[in-house]
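The following pair of complexes shares a single chain, subunit A, combined with subunit B in the former and subunit C in the latter.
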Partner chain A sequence: MIPYNFTFLSHPKICSGLKALEHIPFELESLNARKPLVITSARWAKKGLAKTLTKALYDSNITIGALFTNAPNYPSVTIINELSKLYRDRGCDSIIALGSGGIAHIAKAVNMVVSLKTDILQCTDLTISSPLKPLICVPTADCEGGEMAAVAYYERFEKQSDFLYPDVIVIDSRITRHATSQEIANCALTSLAHAIEACGIVAPNPINDAYAHTALSFIYQYFPKTIKKPCYKDGSVAIVNAAACADTAFSNAPQGIVHTLAQAIALDTNLQPGIVMGILLRYSLAAKLHAKGGIRPELLLALAGIDTYAKTPEKDRQKAAYDYLTKCIDATCNYVPSTLKGLHIPHYKLKEYARLAAAKNKQHKENEYMALLEKSFEGK
Partner chain B sequence: MNALQYPEIKPKKKFIKRIYIAVMLWVVGRAIQAAAKVDREVKEEFAKLKDNFLLKMWIWPNGPAMYVGKTKDGKVKYLGWKDKGYKPTLTMTIKSVEAAMLLFTFQEGTAISTARNRLVVDGDLPDACALVRILNIVEVYLLPKIIAKLAVKRYPKWSQMNPLRKHFGRILIYVRAFTF
Partner chain C sequence: MQEITGTSNKVIEVDLTTQSHREIPISEKDLELYLGGKGLGLKLFYDRVPAGIDPLSEENEFIVMTGVYLGTGAPCAGRFAAVTKSPLTGLMGTGSCGGPFGMALKTSGWDGLIIKGKAKSPVYLVISSKGVEFKDAKKFWGKDTQTVQKALEKEGSGALVIGQAGENKVLYANICSGHRFLGRCGMGAVLGSKNVKAIVAKGNEFKIVPKNPRKFDKARKKTLKFINRNPITSVSYRQFGTNANVNLNNAGGLLPVRNFTGGSHGEAHKISGEEMAERFDTKFSTCKPCAILCGHKGNINGEIRQVPEYETIGTFGSNLEIFDPVAVSEFNELCTKYGLDTISTAVTIAWAMEATEKGLIKTDLKFGSPDNVAKTITDIAYRRGFGNDLANGTRKLSQKYGGADFAIHVKGLEMAAYDPRGAWGQALSYAVANRGACHLSTASFAVEVYLNMHDPFSLKGKGSMIAFLEDVTCAINSMHVCQFTAFAVELEPFVVKYTPTFLLNPMVTYLNPIATKFMDVSLWPEMWSGITGKRMGMFKWIKAGRRIHVLERYMNTREGISRKDDTLPQRFLTEGRHCDPQQRTVPLEELVDSYYKARGFDENGIPKDRTLKRLKIEKK
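Take a look at the complex of A and B:
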C-alpha cells in the first residue's frame, strides 16, 4: 500500500565533506547575502574553528560583519538582544552559527528578532509567515538535538515554525572533529531517539522514514568507533550528518514520549537531553517490543543492511532490531548511566516530570509517562 | 557588550593559489588549442560543437578565467584570460579557489568534482559533456599516466590510444602549447 497521505518538508541544503566550508561564500551569495554575523563560543574560538571559518571565506566578496566569540551555551534573552543590536549596528544581512547546542538556538532567536523586527519575548506569540534572513548552520559534533530542525529553544520557550530551518547546513571534518566522547555520546543518543521516534509513529511517512533510516544507519556504522576516538574525521562527520537527518525527521513527526520526558528532565536538572534520552530510550524500546504493535521490523533493514534483514526470519526481525539498538546504546556505557537513579534524580521528582510532559505533549497520558519513568529509574 | 571586541573582517586573498590556478588555466587553454590541431578525437568533438562556441572557465567570484572558442574559420583558439566582452555559450564556474585547487592539483577528477557540487555549468548539456571529454583527452596528453589516472574518470586503454599516438601527440601538443 502506498501511504500517500502525508506531508514532508526539508528546507536546508546540506553541504558535507571535504572543503565543505569553502561552499559558504557561494551559498551566501545565492541567498543574496554578503555580510554575515558569525556566532560562536569562546571554546570553539580557542580551538581555532573561528579562524578556520574566516580562512574559508578568503578570496570571496563576503565580509564578516562581526565575529562574536563569546556565545554562552544558554540562549538567554540578554544575549539574544545584544546580538540583535550588533547585527543591526553592523548592517549584517545573514547569520552563521558556528557550533551546536545553545549557539545554533541563539542564532535562530537572533534571526527571528532581526527578521520580524520585534522583541524576542513577543516572537513567542507571533506566527512566522515569511522566510527569515539567511541562516547557515556549521554544527560541531556536540549537537543536543533541534539545531538543524524547524524549532528554536530560548530562555524557557520553544518556538516551532517551518521557517526556522537553517538555509544551509555545512558539515566539515575540520569543525566536527573537536568534540569529546561524552558530547559524541550525547549527540548520537539524541539522534537515535529522534530517528526512532520519528519512524515509530502510527502512520509512518515514507520520506521521513528515509531520513530516519539514514540517521540510524550512520549511527550504527560509525558511533562505536567515533566514541572511542572522537577526532576520527569520517566518524564525526557521519554523526553530525545523522543528527541533521534525525532533526529533519523529528521536525516532520509528532514529538515522542522519550523526547518530551527528556526535555522536561533536562529543563529542570540542566542535564544534557541526549543522556536522558539514552536512558529512557532503552526502556521505551523494551516496553514497545512487548507491546501490541512492537518495534518496526524495517529498523533492522536500516541498521544491519539488506543481507541481515533478508536472512532474519520475519518473526525475529523485531527482536533483532531491538538487539542492534541496545548494542548501540550500550556503546555509551562509560559515559551514560543505565538508569535515572544513576543521574542522581530524586524519585519524588518523577511525578512532576510526568505532569510537565503530559501538559506539554498530550499524545500520551500522565500515567504512560510515569510508567516509563518508573521503569527507567531502577532499571526494572 | 563591547562591540569593538568583535570587529568587521574583510576577506584576504590567496595569491599563490590564484597564480597557480591562472598558470594551469593558461596551460590547459593552450593545450586545448593545440590538441584540436593534433588529435583526431578532439578535432571531431569540436567539429560537432556550434560555430559560435565559446567556453568560459572561471573561478567564482573574482577569477582567474580562461576563454576558449571557435573562430569564424572553424579553428579552435585560446582567447586569453581577460573578458573582452565575449558572450560565452558555455560557462563552467568553479565555486571556490579551494575547489579549483582540488581539480588542478588532480586530487579530484572533473567527474568527481561535478558530483561533489564544486562546478556550476551554464549552457547546453551536450556541449558541457563534449568539453569534459575534450578535457579528459587533453589531461591524458599533458600528464604522466600516474597523475592522469587521478584526473580522468577512465584512463584510455591501449586499444583506445596506443602509446605511439600518445607520446607523439604529447610532444606535438607541448611544442604547440608553449611556442607562439
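Take a look at the complex of A and C:
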C-alpha cells in the first residue's frame, strides 16, 4: 500500500562493473566538463590506482587538470584551501575523487569552495541553491559511510545538501579490490547499519526501502566471502554498490541511534566507525526484536529472498530477519569483537559518549543512548 | 641516624577514603625484574589497579617510587618517579622529577608511596617513618604552588604540591617539588581529584648506604669521571643549561616554529642558552645531588628566577614565534605557580593561535605576539571562559572545533620541542612512545642530529635503534638517575669514543641490532649491583628495561591502544618545511613496521604472547 506521502531523492548515476572507469570521459563530457582535478591519497597512488584511472582517460578528449596524490584522510581547512587553489590555478572544471573516506569529503568540500566562490568555513552556513561543479566519485572499498551521500564532512562540520551528492559514482573492480579485510568489514558494517536504520524509521518510504534492501541483499550475499578474500572482484564491487545504496538511503532518512553513537565513539578513540556500528547494531537489533514494533519482517525478504520469506510463517519473520542479520555481523568475528569492552572502550566514557550523541542527534534521549551503550558494553 | 642498607623494600600505602595507611613489602624478585623507580611503580600499578578505570575517580592510584640510587650519593640520582593513569591520555602516565620530595621520602624510610581513594575535603599528608598524618588543607586550597611550598617548609624536607590547575582538574596540571616538576600526563589533576593539595615527607630519619660500598664507589667514581669529561654534560649543559639545544636544533631543523610548521628560525639565537647565560648572568640551580648542573637561575628583569628549560623555551618561544626570553620566563613563572605543564600549555595555545588564524575559533591569540598569552594561561588554570576548553588539551579541542591536522599531540599528549621531520628516529619514537609524544622516551634526536651516529633520514635500523634506546631509557628511569648521564655513560667508553664518526654512523645505521651489542652501558648496572648487593649484568639490565617498556605497552593495549594510535599529527606526514629544500615528511608506516618487528609485537602493535612470556610478564 502506498504511503500517504513521502519524499525521495537520489541524484548520482552509478556506473558499475566491467570497464566502468572507461565511462568517465563520456560522463564528464555529458556534464560539460573536460579538465578534472583528480584527488587521491599517497596509498592509492602507490598501489597504481591513479595510473589505472589516467589510462582509462587516454583515448578521450579529457585532459587531467591536476593530479593530487597526497590527500590525507582528514578533511582539514588547510587541504581544502590548498586544493581549491590548485583547482583554480590549473583552470579545472570538474573533480574526480579517487578513493573513499576523507578523499571523497575533501572533494565535496573543494567543490563547494570553487562552486560557491567562497571560503570553506562560510560554506557551512550557506544554503546551496544550485548545482555545484561536476563531481565523480571513484570509491575504493574502504568506505566509511557518507562518501556517496548528500553530505560532506570536513573538520568537525557536517554539511547536508541535495547538491552534495556526487554526479556519477564509478565502481570498478580494478579500484575496489585493494582494501584490507578490516576495511571491508568497516565498509560493510557501516552500510548495514545505515541501511537498517534508514528502513527502520516510523514514516514509511518504499523507494528508500528499496535502496536499503538492495544494500542488505548485496551485503548478505557477498560480505562473508569478501571479508575472507578482499581481492575478490565481484565481492568488492558488490560491497561498494551496497555502500552507494546505503548512502542514498541514509541521505533520505534521519540519522539513527547506531550511527550517531558510533560517530561519537570513533571520534574519541580513533576506531573505525563501521566497526563500532557493527557492535552497536547487534544489540540495537536485539532490543528492537523484543520491543513494540519489532524488526520489519520485510528485511527477511531482502536478505533471504522470496522463497525463504514465503516459507517462513508470518510470526517468525522478525526473528528470522534478526538471525540473518546477526549471521552477517558474525562474519566479522575474526576482525571485530562482539562487545565495546572487547574494543577496550572504558566504561567510564560511556556517559560522555551518550551526552555527545544526545547533543548531536536530539531524536533520541541521552538515556536511550546510554541504554544501548550499556547493553553493548558487556553484551548483555 | 638509623641506616638502610641498599633499599628498605617497603612502600607506604595511604588510603584517603578511610584515612589509614599500611606497609606494603616489595619482593626481592620484583626488585630484580623491575629495578625500582618507574619499573616497580608500573608493576605495582599493574598488580593493583584494573584496566578501564576513570583516571579522575577514586579507583585510580598515584604511586611515587624513589629508585635504588637515591640517597646513596650516586651521581645525578636526585630523582624519583611517579606512576598513575593519565587523565590527559587515558593511558599509563609516568613522570620523573628532580625535586627534594624523593630524597625526603626515601630518608623517611620508604622506597615508595601509594595514594588510593579520595579524601572528603582538601587534605595534605605528612609522611614520616611512623606513618602518615592527614591534615586539613582548606587554608591552602586556591593557593599557588610556591606559596604552599613555602608554608609547608617546616613540616618536612620535601613536598609535592599542586596549584590551582590541579585543583580545577586541568588535564595537564603538573605537580611541583621545589623548582622541579612531575610535569607531564596531568598528574596534578589526579591529586586534585583526590582532594590532595600536598604531600610532605619529613626526611632525614635514615641514612642510605650501599651493600657493597667498594663496588659502588668504583662505578660511581668512573661515572663522575665520564660526566666531567664529556663535552655535553661538562660544557654545553653545565654552562648553558638545556637551552644549549636551541642553536643545535635550529641548525638541525628540529626547532618547533609556528606550531611546528618550520624547523628553524632566524631569530632563534635570541632564546638560546648561550644568549640567556650572558644576558641573565645565570647560576646553577639544579636537582640535588647533581654532577651535570644543567638547571640554572638568573637575574631576569631584576628578579632571581629559574631560567626556563629548553622544552619551555621551544614551545612558548619559537613555537609561538615569541623570541623574547623575558616574556617566556613570565609564562614559565605563571605555569609554575598554577601548576601547569609548560609543554602542553604552550602547544595548546599554539593550536588556539593557528585555529584562530584559520577561522575555526575566535580568540585574541596571535603568533608572534605575547599579548593575551599570560591571561590565557590564567584562564586555563581556573578553567575560565574558553580556558575551560583549552584546559582539556589539543586532542579534545580538535574533536570539538576541528583542526585535528595541526593538533600537535600523540595519544593525547602534546609534543615536546623537537620537530619529528628533522629526525625520523625521533618521529618513530614519538609515534610509539607509551605515554604519548614524549621526547624522553628515547631522546633519539641527540643520537641522530647532535652526535651524527645514525642517519636521521634513513629507514635502516630505526626500529631496532628505537627499541634499544627505549629499553635503556626505561632502565635509567627505574634506577632512578638523570637521563643526561647517558651522554657520558654511553659515549665515553672506549669503543664509542674512539671509533671515528664516519665508521660509527654506518655501523649504527646498517648493523643496528649488532652495533648496539657493543655499546657499553655497564656502569649503571654496576652501581645498582653495588647498592643492592644483587648480581646485575649489562644484558640482564637492558632486558629489565625491555620488560618495563613492554609491560607499560601491554597495560596501554588493555586501554585500547593499538597501531591506529601509533601515529603522528597529519602535519608531519603530509607537509614539508621551508627549512628543508627536499620538503621531507615522515614515512611512518615503514618505520612502525620495523619497530614492531624489533619489539616482538604483532602487526597491530599488540605484544605477542611469546614476547610477554619471554619477559616474564603475566598476562591478565
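As a working rule, the second predicted complex is superposed on the first by the 379 of 380 C-alpha atoms of A that agree within 3 Å, B and C clash if a C-alpha of one lies under 4 Å from a C-alpha of the other, contacts with A are read in each partner's own complex, and residues count from 1 in each chain.
By our rule, a residue touches a chain if its C-beta (ideal position, glycine included) is under 8 Å from a C-beta of that chain, and two chains touch if they have at least 3 such contacts.
Remember, predicted model here, so these are calculated numbers, not experimental data.
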Label the relationship between subunit B and subunit C on subunit A in the superposed model as either fit or clash.
-> fit
May I ask you to decide whether A:F157 touches subunit B, subunit C, both, or neither, giving the answer as first, second, both or neither?
-> second
Which holds for A:L86: it touches subunit B only (first), subunit C only (second), both, or neither?
-> first
May I ask you to decide whether A:L271 touches subunit B, subunit C, both, or neither, giving the answer as first, second, both or neither?
-> second
Please work out whether A:C15 is in contact with subunit B alone, subunit C alone, both, or neither, and reply first, second, both or neither.
-> first
With the two structures laid over each other on chain A, which partner does A:L67 touch: subunit B (first), subunit C (second), both, or neither?
-> first
May I ask you to decide whether A:D59 touches subunit B, subunit C, both, or neither, giving the answer as first, second, both or neither?
-> first
What is the contact status of A:E368 with respect to subunit B (first) and subunit C (second): first, second, both, or neither?
-> neither
Would you give the minimum C-alpha distance from subunit B to subunit C, in Å, for the three-chain superposition?
-> 7
Contact residues of subunit A, present in both the subunit B and the subunit C interface = 70
Which of the residues in subunit A end up touching subunit B in this complex?
-> 15, 17-19, 22-23, 25-26, 29, 54, 56-70, 82, 86, 89-90
Quick one: in the complex, what on subunit B touches subunit A?
-> 1, 3, 5-14, 17-18, 60-62, 95-99, 102, 116-117
Where on subunit C does subunit A make contact in their complex?
-> 51-54, 57, 90, 358-360, 398-406, 557-561, 564-565, 570, 573-574
Would you mind writing out the residues of subunit A in touch with subunit C in their complex?
-> 70, 72, 74, 76-79, 119, 121, 154-157, 267-271, 341, 343-348
